[in-house]
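Okay, so chain A shows up in both of these, paired with chain B first and chain C after.
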Partner chain A sequence: MPQRRSWGRRLGVLFILLWSLVPLYWALNTSLQTDAQISSKPAHYVPPSPTLHNFHSLLVGSGEIPSTIRRSTINIFVECTAATIITVVLATLAAYAFARMKFRGRTLLFYAVLATMAFPAYTTLIPLYRIMSMFSLVNTYTGIVLVYVSGFLPLATWILHSYMTTLPVAIEEAGQVDGAGRMQVLWRIVLPLAWPGVVSTAIITFLFAWAQFLFPLVLSSDDSTQPLTVAIAALQGRHTVPFGLLSSAGVFAIAVPAVIAVLLNRYIVNGLLSGSVK
Partner chain B sequence: MTSLRHTRNVLLAGALTLVSVVAAGCSGGGGGGSSSASDKTTGVTITVALPTAPPPQASLDAFTKSTGITVKWTNLDWDSLQTKIAAAATAKTYFADATDVDWSRVGQLSKLNWFYPMEKYLDTTALASQMPQISSFSPGGHVIGIPYDASFLVTTVNKKLFDQAGITSMPTTLDQYTADLRQIKSKGVVQYPLNIPFAAAEGLSTYWYQTTAAFGGTILDANGKPQFATPDTPGYQAAQWMVDAIKQGLVPPGNINVPDTQAQQTLMAKGTVATTFADYSGNVGSLYNVPASSSVVGQVQYLSTPGVSGAGPNMSNPDGIGIPVKAKYPAAAAKFIEWFTSASNQADFAGANGPDKVMPGYFLPSQLAGVTELTEKGKLIGGQQLSDLLKNSAKPIFAQGAPSWYPEFSKSVYTNLHAAATGSMSVADAIKAIASTANELSS
Partner chain C sequence: MTVNLSTDTRPSAGPAPAAVRRRRRRFDALPYALVTPLALFIVALALIPAGVTIVQSFYRVQELNPPTVFAGLENFRRLFGDSTIRASMENTGLYVVIGVILSTVLGIVMAVTLQRRFRGRSLLIAVLILPWALPGVVEGIVWTGIWDSNTGLLNSVLNSLHLISDYHVFLGQNRLLTIFAIELVQIWQMTPLSTLLILASLQNIPDELYEAAYLDGSSTWAAFRRITLPLARPGIAIAMVQALIATLNVFDQPYVLNGAAQAGASLTEQTYYVSFQNLDFGEGYALSLLITVATLVIALGVVKLVYRPVEY
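And now, the complex of A and B:
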């Protein structure tokens, strides 16, 4: 019976793996073929003569496409990094306040922050666009980063709050007895203990920011601020789809989050599970 | 307590300072805020957002030199651009001085008063005689966009495959066309001779509109009421013909989930199918005759739409360019549009005067004079035929312009026709559902 259950589990895992990885493999497979090979019948399940031609067209040279891709790669790093730093800093302060400081309406305020996660993000698109336009923040890094921060802050606060509530209060109290102020306690005692949670929050925020499309699409007007995700969509022609180029762009765009997910997955899992067991 | 309040203030101040510093430091790119329109037409920079690569830099530089207007070009894919236009129109904010006006969106955009009437800046009456497709952009009596290239649905046939089946004269009626399809299949030239993209997407809707026109009908009347509800109507017969085609093995079964552009690239361009009834004008030159993406170079030609008793019309699906009401420099944008859509520039962009002036992806001018120049110089494959079709048989899908509820209607069309093709509902039920949607939306 246990053996049958074990086989069932293996089959389940295999199914989920295939379900998740086959599309990624197909993108990689397509990116390594020429246009003629891509549209040949029957389809090639393995590139017959692997070529980096699509990646070369995408990244190398002085043409419009490589130039746009390079600029949008810089943009996505700037926007994701800035959003991550600001979100983590603000979330740390907020989470600490909600976890440790006692003030009137704390619980209500905390749940109000969490409740904002229930709103579909797209309902805020037009109002945010108007606000950003009013403050001349459309097509600026500032506008995009601020929108990211407003979107990711509740989740980040929740994760860090969950993490901080698992830390022993006694250590902080000992620090206060020794004369440390709130900020010193936060900086010298809480943060070192909560570091894994902070790293988890940063990674999750960065990955979420990297995957954004609609908000940066609306809030950016040209390649001075367009992130990679938006620039890739622009590769599609009006009447033709450049499958090879789009696939190589997709592979390029998922490389960074894939590396982060593979190398730092224990932090991601840790962050998502924080507070689930006390 | 004082300490606690102090700590809170420090936390708050720190957070706000950080946001401000990063906000100031992170500012990049151009401004894009609220606008107040200016009539300046020199010494200004306008933003042009279109779903296509820009004209050659030398051409844009020449425009700047002659007018003093600098053009900042934003190239976005069509879907993304429509999202941006919808967001900007809804939020009533500036995002470009000139942008795309798609034939299918004119009803919505006109209702939102989102584009300036072009007659305010250009002699649209004079343009109409040279631009047959301008009527697709005139909802409510105002022209809200100028077609910047010509696009209509046209039948394409792989002549070589037709020849192999022993078909010596090209079909001129739907009956002949259908008989030819059966002959190609029965002779084993190809297993599935006809390409219909049955994926639940816009391409299926436009295919049905074109087939309906070939059957001699229209989709909606002037009040938006359905003209296809009963079995004796052309729209109903067109749907039946399309669904019968896949059920009788004339269309590849896999086409159930294939959208239009993919089918053209992977089936028609590879000689897997012999004909596409509603293809894009220009595909012969831009796709089927391009060796890198096609194995049927020199084999595909345009065909006058096989109709009930002779040549039928060709439905127009052009893209235009218009000026949003929140444009910063509408007059300058109008000057650009006048330049961009002039016959001589269009001919240049399509390759009439050398590769240096070619605009990538541009193949068919919207001005007849541009098409004529290209044809006379032998730079347009099927040029004379395309010119004749554009001049004489290209008709708007909706005579009064697409209704404001077009996207919902189109969704009903492709969803139900797709379902009929899969066999999950009958043609009668599909048509009933589509007609019901049209009645609901138009009342």
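And now, the complex of A and C:
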């Protein structure tokens, strides 16, 4: 059978490679050229004299654009890391309760979590902005992280819940017979077993946070807290910004999620599928 | 479940010790403590805001023009009377149709490519999910390098192949072309997830079905149409729903690629402009509510139409 489709498959493989990689190659190619080379017609399909000049000016250059990019890179790391840690911790606790304990209101709360996943995130944009400005949390790390956590908690809880319900209860029962408390069971037995699920959830949450745009555009758009995505879009809106610099800033913002996706793709695939199929 | 545990684990130990019995009757606070943070976040930052959106879409809420007063359907009336908003409804419709169809078709093609194991398959999956993992805004910047009218890859390639003599403007002139070019960027981002969802369905299909079909002399195409496609329906349905939700709410790609030209503005973009540039929150609420209701209704419709539970 495999031979029957082998030509079709080769075409498919080639298509996937070109589809995924050509745009990324092109951004990288542009970022390694000078602005004069970029504007040549026809374009240079490989950099004629590869230069790290654009990256160099972003990393150590003075001036408004490089310092904005550097500041927003720190911001995006702070916001994504904080949101990921809080989301995963809270989701683990809640998922454990949903998976292993009976309590009044369990079904109701679980359906409420599912319901918030069903409606588009942007439904809540304006109210969230008004709540945050009521508490003076616009343009603060706290404000944007709170919004991220509220947005990512439902999916994180759902993924971790799916993982935990597949774990055998017998091991946990043995732990309880041995006198371990339920939090000790969670810490010593459930967490190690559910670890792949925890890692998946953390990676997916981090990638989602890294990709955010409209929420931080509204909630943290000044220099002190804006993430890299918002800073880059603002640069692109000003037509005076050299394309080489813009491309290298783009490559900058792509590098982190791209490395995570390639190295940890198995966790991502498992997490996404357990989150959306079951 | 834990409450039962204390009795389950000592079924033959005679009457349960008094301590256990007392604990069973005592109020168990631990699960509540574990879910309280989640509940607070969901209620305060999701359910209440959603409620506010529903209620206040019937009020006049203007930041620069208080007070807030009940306005009935005024916000909705103004929305439908506004030609820019109506145009963005059409644009969003085009984004949805183009995006859902193309991402599903491409997702099926890629999932079939990955259906069987072969050398390098897991590496290919890593490459496949790359566009999914990247921020939509930055993907917009990346694709600007392809669509650009002066330095873009597409113009350069078409020109080198002598298919065009002058460089073309792909974005901002022709509305349909603009929307297609922008939506292709979103399709680039969505297709990996569609592929994975469809692939998950394909991997449940037993090999024997294909073997039997080929023994009976079926062609590859016939096997695809009679076995693969029907049995992939659950995955295809979920893939279409996720594409539908993403396209109905498309913002990042048109915001970056459109620039100042409004040729392809989406509904979510208009919500942003109405609320945060005109500071007319009432109209913004109404528009958000319309998008949400449309999303839920159409998503349910797609599930009803496409989803069929599969039993082997």
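Quick notes on this structure:
Simple rule for what comes next: the second predicted complex is superposed on the first by the 260 of 278 C-alpha atoms of A that agree within 3 Å, B and C clash if a C-alpha of one lies under 4 Å from a C-alpha of the other, contacts with A are read in each partner's own complex, and residues count from 1 in each chain.
In this section, a contact is a pair of C-beta atoms (placed from the backbone, for glycine too) under 8 Å apart; a residue touches a chain by one contact, two chains touch by 3 or more.
These numbers were taken from a predicted model, which means no experiment stands behind them.
Steric overlap between chain B and chain C is present once the structures are superposed on chain A. Chain A is touched at more residues by one of its partners, and among chain B and chain C that partner is C. Looking at the shared chain after the overlay, A:Ala118 reaches chain C, while chain B stays out of its contact range.
In the superposed model, A:Thr84 makes contact with neither chain B nor chain C. Judged by the touch definition given at the top, the superposed model places A:Thr140 against chain B, while chain C stays out of reach.
In the superposed model, A:Lys41 makes contact with both chain B and chain C. By the document's definition of touching, of the two partners only chain B reaches A:Glu64; chain C does not. With both structures placed on the common chain, the touch criterion links A:Thr201 to neither chain B nor chain C.
In the superposed model, A:Met101 lies in contact with both chain B and chain C.
In the superposition on chain A, A:Val218 makes contact with both chain B and chain C.
In the superposition on chain A, A:Val241 makes contact with chain B only, while chain C stays out of contact range. With the complexes overlaid on chain A C-alpha atoms, the stretch of chain B that clashes with chain C is 80-88, out of 80-88, 134-142, 170-178 or 224-232.
Residues 39, 41, 90, 93, 97, 101, 103, 125-127, 129-130, 146, 149, 182-183, 214, 217-218, 230, 233, 236-237, 243 of chain A contact both chain B in one complex and chain C in the other. In the complex of the two chains, the chain A residues touching chain B come out as 35-36, 39-41, 64, 75, 78, 82, 85-86, 89-90, 93, 97, 101, 103, 125-127, 129-130, 132-142, 145-146, 149, 181-183, 214, 217-218, 220-225, 230, 233-241, 243. The touching residues of chain B, counted against chain A in their complex, run 3-4, 7-8, 10-11, 14-15, 18-19, 22-24, 26-34, 47, 49, 51-53, 72, 74-80, 83-84, 87-88, 90-96, 261-262, 264-266, 269-270, 272, 280, 282-283, 286-287, 292-293, 295, 319, 361. Taken together, the chain C residues at the contact with chain A in this complex read 1-3, 5-6, 8-9, 28, 30-32, 34-35, 37-39, 41-50, 52-53, 56, 106, 109-110, 112-114, 116, 118, 120, 122, 124-146, 150-153, 156, 159-160, 167, 188, 191-193, 196-197, 200, 207, 210-211, 214, 220, 235, 238, 242, 245, 248-249, 251-252, 255-256, 259, 268, 271-272, 275-276, 281, 284-285, 288-289, 291-292, 295-296, 299.
Within the complex, the chain A residues that touch chain C are 1-2, 4-5, 8-9, 12-13, 15-17, 19-21, 23-24, 26-27, 30, 38-39, 41-43, 90-91, 93-94, 96-98, 100-103, 106, 109, 112-113, 116, 118-131, 146-147, 149-151, 153-154, 157, 169, 173, 176-177, 182-183, 207, 210-214, 217-218, 229-230, 232-233, 236-237, 243, 246-247, 249-250, 253-254, 257-258, 260-262, 265-266, 268-269, 272-273, 276-277.
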